[in-house]
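Two complexes are shown next, each including chain A; its partner changes from chain B in the first to chain C in the second.
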Partner chain A sequence: MSSATSRTSTLGVAPPPRPTLSFDHLGCVIAIIIGIALFAAPFATYRATRIASGEARFLIEALPIAMGTVIVVVSLGVAVVAVLVRDPFGRLGSAVIGLAVLLPALGLSAGFLTPADNTFARVSPSLGFWLLTLSFSLLAIDALARLRLGPYGRLVALAVGVSALALLLFSGIWDSLSILKEYHTRADTFWREARQHLLLAFGSMAAACIIGIPLGIAAYRLKTLRTALLQGLGIVQTIPSIALFGLLMAPLGAIAASVPLAAALGIKGIGAAPAFIALFLYALFPIVANTIAGLSQVPAAAVDAARGMGMSARQQLVEIEMPLAFPVILAGIRIVLVQNLGLATVAALIGGGGFGTFVFQGIGQTAIDLVLLGAIPTVALSFASSIFLDALVDLAKGAHA
Partner chain B sequence: MTLPSVVRLLGLLLLVAFITMPQAFAFIFEPLITRGAPAIYNQGSLLALTLQHLRTVFLATLASTALAVSLGIFVTRPSGAEFLPLSRSLVNIGQTFPPIAVLAIAVPLVGFGEKPTFIALFLYGLLPIFENTLTGLTQVPAQAIEAARGMGMNAWQRLSQVELPLAFPVILAGIRLSVIISLGTATIGSTVAAKGLGEVIIAGLQSNNIAFVLQGGLVVALLAVLIHDGLGLVERAAARRLGRAPDEVS
Partner chain C sequence: MIEIEHLTKRYGTTTVVDDVSFEVDEGSLTVVVGTSGAGKSTLLRMINRLVEPSAGRVLIDGEDTRTIPEEELRHRIGYVIQGYGLFPHRNVAANIATVPRLLGWDRKKIAQRVDELLDLFQLDPAEFAQKFPHELSGGQQQRVGVARALAARPSLLLMDEPFGALDAVIRAKAQDDLLAIQRRLGTTIVLVTHDMNEAFHLGDHIAVMDQARLLQHATPAELLMHPADDFVERLVGTAERPFRLISLATVQDALEAGEAAGEPVAASDNLHDALARLIWTGREALPVADAKGAIVGRISVGGILQHGRPHP
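On to the complex of A and B.
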């Protein structure tokens, strides 16, 4: 898959001269979603216990009347801006204001709906809340895409988003929400699984870099190795994760049974070892392929000049070729990280731990909050890492431009 | 016959032989089992599970292709151009969602079974196809479209006779990627009680029967590799028909 961002400008046909009052098409869609969210969908769900079936609470019942009115007024304001205002800054600003009112209000609603001294009742966001969040986010994402922020701009936007989320989580505003109650009853496990998740994802990525980059350099020089290696790793890439975990269990189990040292090191058929190895194998392909691609696009003139300056082959590699190939290798690392953070979820199925533990437990107990407790951090982590590394790739490219 | 096609054929024969008469292979898995546990999956026919698995993937891919290609066409027309920047961003964001998260979130909404699996497959399958449709349609050379216009073709003719055929190999590459992801997600679908090959692996994990895990893993892996390979052949044939260099798309 190749992105074609450079084509956007040639394709984005210049808009015809606008009449004085024109409706933004995307804005109309967003306004319709906001309308449905406010008046036709429940804002929150109330459950008497964590696995009881939910009762819908519309906006008017879910919040004190003043706060409910504020939400309606702000949301309608955002809808008007979405339809009429074309300036991306204005659109972004209104979306941010919308989110800044909506997100804390969810916590208020949870406190409002939970009867005093009731520790069993659960309040979780419902369709209306999700649709409002969706429409405000769509508006913000669209505005950000139109602003075409540079790498620093995107890093700042990411930092603002992360801090806002941290503020919501640690200020206690959301503490009455069902998912946070779920978190508080298992905070220790949560952080243990979080550490395990990161260990699996980042550890296997680091291992893949240590092995994959030298392999890529060797494969760049030797054509026979290159073809065989890329084909072999390509095949591994197509094997579904759970199948690969399964395929690794038998040999690892056998090793653990026959080599006491391996068993002492914690290598066994189930658990983190097969998961780590599987993630490592998946990670090799993008790293090796991008190392080769990065080295192939180093201009021959640069290498010639280095040779002319009397550099040894080693110096050429370290001082010229690798720095020039770096942005492409970094792009490979970005692919690996996002892929690993997602795949590590499946590791829980074979006892490898990670956020997947909550997802699969939640599926087993049909407790959606538990599922979300595992799924939301996973999605947030991969989302943040992809923005962060995308910006780094752009910065690395810029350094050589 | 070249070496790759011999390997391909052998792989296919092995797969078909195993899923139609698994008992004939029992001797391979017997060393792995303990305490008289069955060596070959005995809670359903492997053939039926394979067909069910393929059916789910096929239907979901068909649905995602229809919607993703239509959306891709829509946002590259002047009337949909306002949606283009947003749709690009959404595809990028969507791909950071792990398929298992989509699957898990669908369960509470629609219940256990085929439905959440189908939804996850459908939603997740949209992304690569949509992305490649965009790439394919935006890479059509402006001269080709100009020439078509000069020949008096209307917008619909330009789309169906020039743009889509030129973008076809790239769209096909997206469909291939989508199918491979779906095969994997459908396997995980067995954790939410969807019928499919994941059942064999899950049953093995639950009853601590490594033979089940291994044979389930082997069948799923072989199936994925063969389908990936087969679709790759179709893709190269399509590219060759356009007289392009058969570039390897991964």
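On to the complex of A and C.
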């Protein structure tokens, strides 16, 4: 919003005189969402069994009356702050208070709605809860953006967020929620698939770095290789993931059939091997392209000076070019990691495991909670690693601004 | 001594440096001057073999540079380029320490050398050693660039437009500092520029290049009085010639016996500055004082003007 204002003024159009009582534009949107969430959308969904169709429960029905009132009052308070308060600390504080009341209240609601001793009934968050979470989070993120936190500040904010979430999960306050019920009935599988998911995403990223960075360096030096390589990898990027799995199935199956060692190593037409290879191929393009881009933006004078002072080609690369290209390469790694964490979900389709297993099982059983059990950790992981690596990129740049 | 013998560089059918030969005396400063694209930078880069000559050779103290491994040769030759090429991810101390570190000096010796050079270039080590290049002004960056090139005490320093990125006031100061440091260290310098004023201000010898060829290699005075051809004559500037000439001579050279009224000028001043004083004070003559302040004679407008024309 501030960028829009400054753009207008750089175009030479005088900004309109600011009224004494001004409304925050984003705040107005947030307030409207809060209004809808409180009064026009159900807070939770009640189902008699995990695959039965849901019944909506509005805020007044979903919680003991005192707690419901607290939520309404706090949410309206947040709406007022969002519209009228400009101080980012005030906005952040109100958003945090909102989330601190809302998130535990969901667990309370689940306990309140589930009849005693009924293990079949399921309570899950509904539109109203999601909208409130969205609006509070939006306000918090906007406030954090306005605070212009440095990389360390963002890492601290991330750590606080992760700790708060861990507290909610391990305190047992959410245990009556449908998703956690799904989790508790398959805790072992969950952690196994989590490991598999991380192995696929991080393993293929590491492989792509090990292969892609030297490839990028070679392509930077040899113009002919550069064009061919970037075009080839660009084509891989355009193949949809499921199609790529299909393309890999036949050759890998043939290898497994003809090379006994490959089969013994677990290389098959289906399973983790094609998934790993596909993720690796997708990851190569950003790594190679960013390595080339990073090396290209190294000041030519610095390299000339390095050479003129008698650095060998290897010393120039290790001491000058790579350190200066590093922030850009790290930005490529960030892209790859976020992309891989999401794409690894699809690996489950060909028996590769990972969080996708729950998503596709859930779709098969029309059990939406199971779908969420796979989807929410995936999104959370992508989001967290994105913030984490963004901060690292800034830190790497910060060394020489 | 540097002997440049028949140096030639061809790229395909284009010749960028064509059969250039001249010598650079130990401890002297030679300026290579010419229009852009004349081949000056390529000539310079052939001395430390950043560019391999197509023909000809360079001898340093009688040693053919082709017999010395490239990197070892460059460790022995200081190199300063336009824009300085400071390493943006390394602080000032680490930048200056580059060549000593490549040569494997021990830490203590490197730290001492860095402090010594920062002092020499009037940069307080306590304030500047830990700064990064982007935190420095243009003039400070330039000084760090030269300090870095001098770190391993090279006997030869190559400079490619080292003042090109500075504004006029800072440039004049940087040029004077370079001259002072060169006199103190006795370093042999080959400097490339397109700026004729810079060439006359700095050079013991000036090599004029045009279209890949060396047109004339001479002292500044010779260049003014006996230009090799029309191009050199145009380049040194016919209108500027007398003023450049009197800039090259000192008051001592035009000293006359006798007395004059007014504030004395120093015998070591150049005639250009002395003439300026005469014009400004409206006098025909001024007394001249030696380094101790004793009056040793006088200087007159007529005497100065004689130095502004070629004597046969």
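Heads up, the rule we're going with is that the second predicted complex is superposed on the first by the 383 of 401 C-alpha atoms of A that agree within 3 Å, B and C clash if a C-alpha of one lies under 4 Å from a C-alpha of the other, contacts with A are read in each partner's own complex, and residues count from 1 in each chain.
By definition in this document, a contact is a pair of C-beta atoms (placed from the backbone, for glycine too) under 8 Å apart; a residue touches a chain by one contact, two chains touch by 3 or more.
Quick caveat: nothing in here was measured; it's all calculated off a predicted structure.
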- request: Tell me which partner A:T345 touches in the superposition: chain B (first), chain C (second), both or neither.
  value: first
Partner chain in contact with A:V85 - chain B first, chain C second, else both or neither: neither
Query: Who does A:L392 touch here: chain B (first), chain C (second), both, or neither?
result: neither
Query: Counting residues of chain A in contact, which comes out ahead: chain B or chain C?
result: B
Task: Could you say whether A:A157 touches chain B, chain C, both of them, or neither, answering first, second, both or neither?
output: neither
Message: Is A:L247 touching anything from chain B or chain C once the two structures are fitted on A? First, second, both or neither.
response: first
Message: Counting contacts the way the document defines them, which residues of chain A are shared by the two interfaces, the one with chain B and the one with chain C?
response: none
Statement: The chain C residues in contact with chain A across the complex are 48, 50, 70-75, 79, 81-89, 98-99, 102, 132-134, 145, 148-149, 158
Message: Quick check: in the complex, which residue numbers of chain A touch chain B?
response: 1-5, 7-8, 10-13, 15, 24-26, 138, 141-142, 144-146, 234-235, 238-247, 249-250, 253, 269-270, 289, 338, 341-343, 345-346, 349-350, 356, 359-360, 362-363, 366, 368, 371-372, 374-375, 378-379, 382-383, 386
Residues on chain B engaged by chain A in the complex (per definition of touch): 32, 76, 78, 80-86, 88-90, 92-93, 95-101, 104-105, 107-108, 128, 131-132, 134-135, 138-139, 142, 173-174, 177, 180, 183-185, 187-188, 191-192, 198, 201-202, 204-205, 210, 213-214, 216-218, 220-221, 224-225, 228, 249-250
Message: Which stretch or stretches of chain A touch chain C in the complex?
response: 299, 301-312, 315, 320, 323-324, 399-401
